[in-house]
Structure formats: C-alpha cells, structure tokens
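Please find one structure pasted underneath; my questions will follow.
Chain naming follows the written order as A, B, C and D, and within any one chain the residues start at number 1.
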C-alpha cells in the first residue's frame, strides 16, 4: 500500500492533537513546552509531506526554519522557566496567578 | 536622489538601521560589560530608531511604494517577492519606529537602577526589527520568521525584571500563550502550503483554486491564531492583560502599540494578498470577513467590558488595548463591501494614532511607577496637583483613546465608525457605539482620579524625569497635532490600503 | 387741537420716567420719589384732559408708533402677513379711561404722602417706583390700539400688582397674597393669551380699530360663512372671545377667579385703592368694553359675561356681609361691583357698564382712601369692631366716606345709583324679552340689598356709636395730603352721575345723557367703536313692562332703590347704638359658609397643594425612579456585565490555553458548518 | 477670517490662561474674553449674510471661509465655516455669556483658577465652532469637544455629587452623539455627494433624496429612519423628556458659571442642531410624518418639566427642570414649521440662554452668600441682598414670559407660529396644552421666590451675610439689559432669524 498524502496529514494531526492535549493537561512548564514542540513538529511533518506532494522544496526549507526557531523558542522559554523557578520555587504553570480578572 | 535607484535592497533601510542599532548596543555592552552608561545606551537606541523613522518617512515622502504612474518609485520587491516595501510597509515602519523611539527615551528613566540595560535596549531594537520586517514580509516564511523575531525578544523583555514576580508571571504567560499560538500558526502555514503549494502570498493567491477547501479553510483559521496573538484579539487575547500589567511599562507600551500594529499589518497583508475575498470564498465556502466581523465585535466588547471595572490602571489600559484591537479589526471585517480602501485605511489611521496615544498612556503609567505612587485608580487620585503637565498629557491620551475631539483619536475612531457604516456593517457600528460609551466611562474614571478626586494621603513633591516627560509630552503633542494634520495621514493610509486591497 | 396728540405717548411715558427716577435716585430725593410720581401723574392727567378735550372736539387719534415684530401668518389666516405693533388709540372710551386712571393715580400718589411717608415706612423709593410702573402699564394698556399690546401691558399690570401687594415682604402673609394674586390672574391670562394667539392666527390682525381690525375681519368671516379652524365662524368667535374673557375674569376678579382680591388687601391701602378703582381690576372690564364689537358678534359669549357678572355681584355681596375687616368688606364690594359692570356689558349695556366703571372708580377710590384714613386714625387697626365713634373726631373723613358709601349702596342721587340702575335697567329690558337674562337681572337685583346692608354696616360700625378701643378714642392726626384727595373724590362721587342721567333724560325726554352721546361718537369717535354700532351688531330685542319704557324705568329704579334702602336700613337697625352686637350667630351654618367664602379658598388651595403638588411630587418620584432608574440601570447592568466578563480571565494559563483551543474549535465548527467542510 | 480669529483667540487665550498664575487668571481670562465678545459684536453689526447657510438659494453666507482638510476615499472633509441669521445671534450669545460667566466666577471659584478659566475659554472656542461650522465633521469635532471642558468643570468645581453628575452627563450625551453621528453618516452615504459639507448635503438631500438603499430602506423610508435616529440623538442633548435626567444632575452639581453656560448655550446646541439638521435637511414629507408625535412630546416636556420643577426644593434644581420645560417650547416652535414657529424657536434659544444664565447667576450669588440652595433653609433674603434678589425676581419674571422681556417675545412667537400651523395637525390643541406651562412656571417660580427671598429673615449663619460685590451683580444687570432690549425690540435679531428661516420653510423637497 502506498502512503498517500492523507496519511501524513492524519499523522501530523494526531501529533498536533497529542501536543495540544499535553498543553491543556500538563501543569509542569517544561512539559508544556515539550507539548508545544510536539505541535511544531506536527507542522513540520505536514510541511515536508506537502513539499513532497507538491514537488517543491519550499516546505522542506521552511521546516528547517521552524526547527531553528523552535530551538530559539526553547532557549528563551527555558530562561523564563528558570526565573520562574527562582521566584516561585516551582515550575507549575498554574501557580503564578496573582494577576487575574 | 534615492539610494534605491541603485539597489533594491536599500528599500529595507529602516530595518537595517534598527538591526544595526541593536548590534551596536550589543557591541557597546561587550566592550565594557560592567559599566552601564544609561545615556549612551538610551541615546543610541533612540537615535537608531529615530534614524529608522526618518528614513521611513523620507521614503514615504519620496514616493517609494507610490505607483510609478503617479510619479513614485513603485513597490520594491526583494528576494522574489518574499519581502516588499510598499506604502503599507513604510506606514507601519513609521508607526513602529515612532513607538520604539518613544519607548527608548522613556526607558532612560524607567530602567534606572535596573540590570541588563544594554540587553534591554538591544532586545527592544531587535523586536522592533522583527516588527519592521513583519511590515515588509510578503511570504508566510518571512512572516513567521519576523513574527518570531518579534516574539522572542518580547518574551524576554516582559520578564526582564527578574526579581519581580509580576514580571515573571507576565513573561511566563506571554511566552506560553505565544508558543501555543505560534504552534497553531505554523500548523496553519503548513495546511495552507498543503492546499496551495506555495508560501509566497501572491503565489498562494494564484493557486487558491487548486486547493482543497476544508484544508485551506482550516489553515486560514489557524493562521488567524498567530495574528490574533500578535494583535491581542479574541480568542488569543488572554495573555495581553497579564503581560501588559506585569511588564515594565515602556515594554507594555511597546507591545500594545508597535507589536499590535505589526500584527495587524501582517493580518492585513496576508488576508488581502494571499486570500482575496471572492476567490477564497469560492474555495472555502465561507466569507472570511464575516469571521472578522464576529471577532471584531467580540474583541471590542470583551476588551471594553472587562476594562470597565478594573481597579489597576495598567490593567485597564491593557484591556482597553484589547478593545482597540477590536476596533482595528473592522479594517478586515469591512472588506468586500466596495469601500475597501476607506475601511482598511481607517484601521491604518487608527493604528497610527494609537501608536501615540496608547504609548503615551502606558508611559504615563510608567511615570507613575517611577514615582512609586501605586497602581490603582485610587493611588492616582489628585496627581494633577503635583504633576499638572504629565496629567494634562494623560488626559489628552484618555480623551483621545475615547475618541473625543479635538484629539487624533477622534478622527481615527470616527473614521472606523464611518467606514463600518459605509461598508454596511450596522452590527459592528452598533457594537462600536455601546463599547465607545463604556470606554468613555472608564477612561473618564482615570481623568476623574487625576483631576477630580482628592489624594488619599499627603504626597511629596514628584520628580520630573526628563526622558519620561519628554516622551509623554511629545506623544501628547503629537496626539493633538495629528488632528489638524490629519489630511496627510489619511491620504497615506488610504493610499496604502488601496494598494493592497485594490 | 389735533397737534395735542403728538404728546399722547407722554401720557404713559411720564410715569415710566417717574419709575426710573424713583428707582435710581429715590433715596436721594425729597419725599423718596413721591414728588417725581406726583409730577408725572399730574402731567399725565393734564395731557389726558387735553386728549379728552380733543376728542370732544371731534378728533380721534389712531396711530402705530412702533413695529414690535412682523412676519408671515401661517395656514388658516386669510392675511399673508401680520405685524405686531405698539400703537395708540384715543377714542371717547380710552380718553375717558385715561382721565380716570391718571386722576386716581395722582390722588393715590398724593394720599401716599400722608399714608406712607408720614408713617415712616421704609423702602419708599421702591414703592413709588412701582406705583409709577403700575400707572405706566395701566395707561399704556388703556390706549393700546391692539390686543397684543393690551395683553402685554395687562401682564405688566399684573406684575406691578404682585410687587405692590407684596410690598411688605418681610411678613409671611403679604408675599403669599402677592403670589396668589399673580397666580390666579395668570391662570386667567393663560386663556387670554391663547385667545390673543387664536385671534391673531385666525384673522391675521390684532388691531382694535380700523378697516383691518380683527372685529371687522370677524364680521366679514361671519358674513361669508367661513369655517375657521374647523368651526363655523360664530362658534370660533365665541370660543376665542371666551378665551380672552378668561383674562378678564382673572383680572376683574369675577367668579371663580375672584379669590385673590380679598387677599390682596395685604398691600398698602393706597395700593388697594389703585388696584380696585382704576388699574388692575378695572383692566378686565375695560378690555371687554374695548373689544365690545367682537363680543357683540357672539351672543353666547355676551350671555356668559352677563351671567358671570350677575352671579359674581350677588355672590361677592353675600360674603361681604359677614366680614369684620374694613378693607375686606371693601374688597368684596369691589368684586360685586365689577360683577355689575360685567352684567351691564353682558346684556348689551355698553354705556351702562362704562358708566358704572367710571363711577365705581371714583367712589371705590374714595372708600379705600377713606379706609386708609381710618386706618391712620386707628393706628393701623383694621377690625371694625375695634372702631366706632370716629364721626365726630374725623368729620372730613366721615362725610367723604359717607358720600362714597351712598354711591356704593346706590342711593339717589349719588353717582352709584345712576349707573347701577342703568345696568339693572338694561338687564331688565333684555330679560323681559329673553327669560334667561331675567335670572341674571334677579341676581343683580338681590345683590343691591346686600350692598346696602354691608355698606351701612361698615359705615355704622366704623363711625357711629361709641369708640370700642383705645385707638378709636384717641385717633391719630391726618394731614392735608390725606384730606385733599378724599374731598376731590367725595365731590366726584356725589356728582359724577350727572354724566348720564338716563332715567331723568328718558322720563323728561331731555338730551342729558352725555356719556351715551360721548360713547356714541356724537362729539367725535371712530364709527365702528360706537355704542350705536355695537347696538346695531347686537340687535337685541328688548321688552318693557306694560309696554311702556317709562313704567319699566320707574319700576326698575324703584325696585333697586327700595332694596338698597332696606338693606341700609336693616344695617342701621342692627348695628347702630353704642355697643352693637354681631348678630352673625343668627345666620347659623350659613355664617361659617360665608365667613369661609364658600370654601373657595380652600378649594383653590386644595387644587394647588392637594392636587397639583402631589401630582408634581409623583411625577418627580416617577422621574427619579423610573426614567432616571432606566438610565442608571443601563450603567449598572453594563458594569455588572463587566464584572462578569472579566472573570473569564482566571489568571491560570492552562485555562487560557483551554479557552483559546475552545475558541478555535468553536470557530472551526461554525465555519465548517457554514462552509460545508464536513461534508 | 473673522471666525478663525474668534476661535483662535479663544483657543490661544485658553492656553495662555492655563499656564497663567492662579492669582491673575480670572482677570486675564476676562480681558481675553472681551476680544471675542467685541469681535462678535462687530460681526453682528457688520453682518452681511442673507438666506440660510445650508440652502444655496441665492443667499450669502457671512464671513464664509473654506479649505479642504482631509480626503477620506472619495469623500472630502473641509474646514468650512460661516454664519447666517440663525447662528450669528447664538455666537454673540456665547461670547457675551462667556465673558459674563467669567466675571461671575471671580467670587465662587477660589481653587485652581487658571485651569478653570482656561476651560471656560476652551469651551468658548468650541461653542463658537459649533455654531459656525458648516462641514459635518468639523461641526462634530466642536460638538464633541464641548464635552471635555464641561466634564471637568462639573467634575472638579462642582457640588457634592459632582462625580456622578459629570460622568452621567459625559457618557449620556456622548452616546446620543454617536447615534446621531451614525444616522447622519448613513444618510450621507446614501446621497449623491462626495463631501461632508452641510450645504452640499442639504442640496442633495432636498433635490434628489437618498439614492442608495441601506438595510432595505431607501428614499422616504430611509430618510424617515435617519430623521428619527437623529432626533433621538439630539433629544438627549436638548433635552427632551424622557431623555432629560442628566440635566438636573449636571445643572445642580455644576459650579455657577458652568450652569450658566450649560443652560445658556449648551442646551441650545441640541435645538440648534435639530433646526440645522432635522428641520432643514429633510423634506416636509418626512418631517410631517413625525410632526404630531414630536409636538406631543414637546408639550409633554413643557408640562412635565414644569411639574418636576414644582416638586423641587433645591432652588437650582427648580431652574434646571424649568429648562426642560422651556426647551419644550423650542421643539414645539420647530415642529410647527412656520415662520413664527421656527423663528420663535430660534429666538427662544437666545432668550432662554440669557434668562437661564441670569437665573443661575442670581442663584449662584445667593448661594455664595448663604451656602445653601434649599428653599426650606432660606427666608427673607430680600432684606440682606436687595440687588441680587431684585435681579432674581426680574429673572423669574423674565422666565415666566413677562412682556417687554425677551422671554415673552420668544414664547409669543412660538405660540403664534404653532397655533396657526397647518403643517402640524391638532396644532391649536397641542399649542394650548403646551401654553399651560406659563401658568405652572409662574407657580413654581413664585413659590420659590416666596420661600427664598420674602418673609421674615430666618437663616442662621455664623457670619454676616452682606451685599454681593459689584462684580457679582454687574453681569446680571448686563444680561437683564439685553433681555429687556430684546423684549422691547425683538426685531434686533428676529429679522435676521426669519431671513434665515424662510428658505427652510420654502424648500419643498419633492423627490
């Protein structure tokens, strides 16, 4: 059986939904971040699959960009999580909730 | 007379100036990391953004982006259309550079005594670079990169007060929501790419018909996640109140004015260039301007209603900023009714004026934080007795934000109102009326606190920090002056809008 | 003589000048402004007499002096434009009235020297200024040549009476009485103004005289059978006429708007004299006479005037019977006497009405000034039961007062007899033909008895018998300025009847009915404003007893004289003697009714405080709670909504993520369904 | 350039006064305000306009000046000002009243004077703008900008409930303006014009009417809907019952000079706008459909407002509610749509401005001395302050429409114009009902006078109540003089008013 474009899309969607699920349920900041990475990777899967499908390299190149930016994002994210831990002694994202309403 | 007669790449000169300034700031800091010369740093940042501003204005006046038949230089395309310098881009570069310079000047006093000053300024400039690039981006790739270039320094800037729990909380929330929305955004890009096979906006438009409707529709919807995040619109507006409240006031001003404007410019460009209304409707089976109509109403309503009963001034401004995003969304909601240039032009004008009045308002909050008078309305009571000039400026901002003449906000808001009627959006117009009334209530509450209420306790004389005062007064003067001088603003805005929606 | 009319405006303007002078410089002047007033009114009187002479020589003055406003009429009017002007009309009627008004005003000014200055009142410049303004307003009203100008000065007269009645503003009662006077007359003036507006809008003119007068227009409309404002012409004329009559009823204190007048006694007695005799109250009746041509077109309106007059005459007289305050008695007598005038005019007795107006002006001024003298004598005591025996101590006052009383009671040969008799005679002959009017006549006739009674009750209690208080035993002195006006007026009360000895004239067939000839334009006048013209328009059918005019005349005169004398006689028997009893107990429950003025004051107070005020308060509560409540409610609901909406922002970032995702899923579902993505 | 000069002087004066020291601010502002006052009086004498400024029928707009300002798509917004017989008297009223209000502020305002007088001059600039602007956007800028100084004047220098009153005034009238703005812009977009200049819009409206359909409405139905929405918008500003509740609060809490301006000029903005927009731009056909309801509301406003005034015990509130009543007359005159009706309504705008200004000044002077406005607390003031009380009495009678004072002329014109109106059905009946207001107004004012100024002097204060200083009294005498002058010679302004009113009545507007 040949692997059609639909399968890639389904895979990426599943990946995206798993990531989303993680975002919604994980309270640990690091896990939240990882879930977001998962969602980004879902997009990468799509991009590469579609690149193949359309026969141009744009998608693949863009996937590279995405990865690079994801890394940068993680770098900033980790920095913020670090100061979060310093200030709140916790990396639970639901703890800082002084600002509301 | 223009460098771009020799080289097209020079069209992005404002961006280059900004990024160069950022690098210079890094360099300055690297030479002697232990010494902090505030004047030098703030001066460099301000000078850089002012040069960028000057270049952008010069380009605009010289006719870059103006069609050649009208005696201009035409639109400059770079990298095969990945980046374009047209009137729209330059218009927003002006807004962004203006806000950046105001913020830089104000930060001189605000950041006094804080660490990481050089990083602060260079991050600001980097974010400004990202925003300016967003204005010129004409491909989903460049848009994404520019967007991230804006976002990442912004996260850091919001959280830059490392010992301040509010700042950290704000940074965290901003970052997490930002990460989530950029994931959604990228996924949306991938779907659009899947549906059309291209990422360059005109190319997308040309290949829309070949796409699979639902896939494209979902992609467009998810793209919206990125724009809504940047513009702090429903449904991705949740970060805004917290981020603005917790961030240093100049950064809040920066984000709520410049970053929002940048978000709008890509939204405008993407939706008008890549997804022309009629073609897209034919493919996805639904008129996306309806989507923006709903979002505009929801955004302005949620923003204004939530702002109405705030106790914390900064948070009130934050919500009002959400409300104004709703107003600006009219620019997209009203497309397709035959008056595209006016509708979108009005939104552009609003973002332009907003750059002054909102920045000024947040900077005033920054001034209050600098004084240490407190954060709530009550804490502001009777400030006018001690600082009449700053309070008069703040009054100008508030009335302008409320759309009361004779201030610049009047024209832009009423043009949006006019445009929404012109476009036949009576629901939006009605929502605007209700929200406007409500906003008048909470803006005037602040004026009441400043001028009418008696201070709760004795207050010492307040200092007059030069930078903050200069920025605030300049913003106030501009807010006033822009009213009589609205003619050129309106011309440029309508022309810029006409160029992309035609 | 024609040139004299050049000075006509000065008649009114002189007192106006006095007003300004007294107001601005009164304090610095000798006699606190009285001199200015006296000179001004004397000048007015002199000019008025010259006018009278000019009219007598056959000239009439009718000139527009000033255009107040002009514009287009709209709609219903035949005329295209309308001009509102100030003009002067001096014809026999107004010339006569000018003389009366300026004479009384002059005498009141002189009397005030004794009554106010000598008594050490404060605020005299204000007093004389207001008197001046009062005189100005009334004189201008009298020779106004159109209805609007008349209305304007009619209102100013009201203002001045308000100010003068409230002269002693430091008391509780005077301001209250002033307010009542203005309000009640204002109520009448409301109808008057509607009438003015209606007449102007209907006919496009408000002029009293000339080819283009509203009367002429109305006649033309009648002849043409036009429809005016959806009514046939006569009905509309009746309606508008009655509207104007509203103002008359208010000012002339006719039933049911007479209640303000007795209260108006709170003002200085001099002011009462002026108000009752020549200005405020006279204005109403004068207005009816002035536009008699218009009323003549509407028999219904005239009938109503007659009945109002007849009823008021009787009604007020009955209340005067039980009053203890000398001024109160006079006040009710005024109401009653103006009722006679209205009756006279209502039955078409134009001459009779004007004649009585003239006579009444003299004898009522006399009585009030006399009462003022008594009050001076009595050290400001007004209760008649505290008086008595003043006859010997103040003979001048007594005899002049008596002359006035006899005139008031209608005893031959005093002036009041002649005019009252003529009024009643006119009513009688009309009533003989038209039974309805007989009732009005009957009321007038019965009132004669009461008049005789209360007049002599007053005279006897005040002057006869023994002094019943210390003040009465040792009266205050009075000066020449008090006596002189009394003497002048006393003589006039005695002799004014000569002007129109109608019964004598008719019985002896002599041409001595000077006033009738005067008003009929025999000496000069405007044709359409003559008694003859009015009678032609009216074309009343009159009857006579036993078919003979003379018999009717004699029967009528005998009846009224007899009743007057019997009333006077009854009073004499009841109250003469050194220590008269009150006798009012015999009236039983009627006494309370009369003393309380038929509870009319209570009714009107109830109207104001029991009805209008609660309605106003209810409206206020409604306004505050419902209307304003809605406004505030909108804001409360908004703010409540605000509090609710901002709760979405929980502060927990995971919730935000969920809401964002939820938002997108919601949008996806909606868009998907609309866009058909799920198919 | 005269109008620019007027506005410019006021604006510049406002700025100068803002930065002047408190000590001299009052005198300085007075000196500055004399310039616009003198200028406007000069313009009054040099007035060479004719016809109505909005109706291009051979008339001349006086002191006209126009420059293109902003282009919004195909639409042009311009700086376009000029005067006609309707607006000129109102401009003079504004400048004179401001000058007098400044003088009358010298006593009561003893805090932050420079800001206070600066705001007064600022409001003057905007009021002049409202009455002179002939471009919709320009007009609307001035119209809205008036709110700012008034909000601050009430809020800062007002009475105990000033915050509530200020914000209510601000928000309520602003919402109304938005509604009106929306309605009018809708109309403009349906017309064949590419400008917001009012004369052009009027011409297009009357000659061709709406060309486009909006919301399924076109032609007469669209015009009617817009007429109604605009009427509602202006009704708040006027105010007409039941949109009047902001007014008593604002009036009562405002400091005296602000009350003077609020009652004297700001209320006239609403009626002026009604005349300029609703009753000038729309064809008779549209107006007549609403004539009876509007006239009925006007009559209700008169009676209801007067009844409310009757129920008050606060002297200032009495005067405030009576404004509601008086404004009802204006509406009645407008809707009668006759020369005397509309002309009288305009005359009443001026007259009521003077009279209510006078009343508020008098009440203010009394308040300065007694520190109370409650009728129940006062008694016998005539003894203590004869001049102030004398003016109060004169003002009261002017308010009641005493002949030879301007109020009578105004009311008489209105009554005369509306009674005979063929345009308005049931005109005689409605007029007669409304006229009953003259009785109630006498009732409550006389009642108030009796309570407050007559009777024995009873007020207990721990200081001596002295006579008011000359600069408190003088402005009132100036007003009184003008009131009497206009009452004796209404043609001073009535001629120019009717000259500008006539074209309105003649435009048939047949589409």
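Basically, a contact is a pair of C-beta atoms (placed from the backbone, for glycine too) under 8 Å apart; a residue touches a chain by one contact, two chains touch by 3 or more.
Predicted, not measured: the structure shown is a model, and the values here were computed from it.
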{"item": "Steps in the shortest chain-to-chain touch route ending at chain D and beginning at chain C", "value": "1"}
{"item": "Per-chain CA centroid nearest to the all-protein CA mean", "value": "D"}
{"item": "Selected interface, A-C versus B-D, where C-beta contact pairs are more numerous", "value": "B-D"}
{"item": "Whole-Å separation of chain centres (CA-atom averages), chain B against chain D", "value": "41"}
{"item": "Chain A and chain C, separation of their C-alpha mean positions in angstrom", "value": "97"}
{"item": "Rounded Å distance, chain A centre to chain B centre (Cα mean)", "value": "26"}
{"item": "Rounded Å distance between chain A and chain D, as computed from the means of their C-alpha atoms", "value": "64"}
{"item": "Chain C residues counted as touching two or more neighbouring chains", "value": "635, 646, 649, 651, 653, 657"}
{"item": "Chain B: positions in contact with at least two other chains", "value": "172-173, 176, 180, 184, 241-242, 441"}
{"item": "Chain A, residues touching no fewer than two other chains", "value": "23, 93, 96-100"}
{"item": "Interchain contacts (touch definition) - all pairs", "value": "A-B, A-C, B-C, B-D, C-D"}
{"item": "Complex interface listing, chain B residues touching chain C", "value": "172-173, 176-177, 180-181, 184, 213-214, 217-218, 221-222, 225, 234-236, 238-239, 241-242, 284-286, 291, 301-302, 305-310, 319, 438, 441"}
{"item": "Contact footprint of chain A on chain B as seen in their complex", "value": "140-141, 144-145, 148, 152, 155-156, 159, 162-163, 165-166, 168-173, 175-176, 179-180, 182-184, 186-187, 189-191, 193-194, 197-199, 215, 241-242, 245-246, 315"}
{"item": "Interfacial residue positions of chain D with respect to chain B in the complex", "value": "68-73, 75, 115, 137, 140-142, 144-145, 147-148, 151-152, 155-156, 162-163, 166-167, 170-171, 174-175, 178-179, 181-182, 185-186, 189, 214-215"}
{"item": "Chain C - residues contacting chain D, complex", "value": "67-77, 148, 151-153, 155-156, 159, 162, 166, 169-172, 174-176, 178-179, 182-183, 186-187, 189-190, 193-194, 197-198, 200-202, 229, 608, 612-613, 615-617, 619-620, 623, 627-628, 631, 635"}
{"item": "Residue numbers on chain A that touch chain C, as the complex places them", "value": "20, 23-25, 27, 93-94, 96-101"}
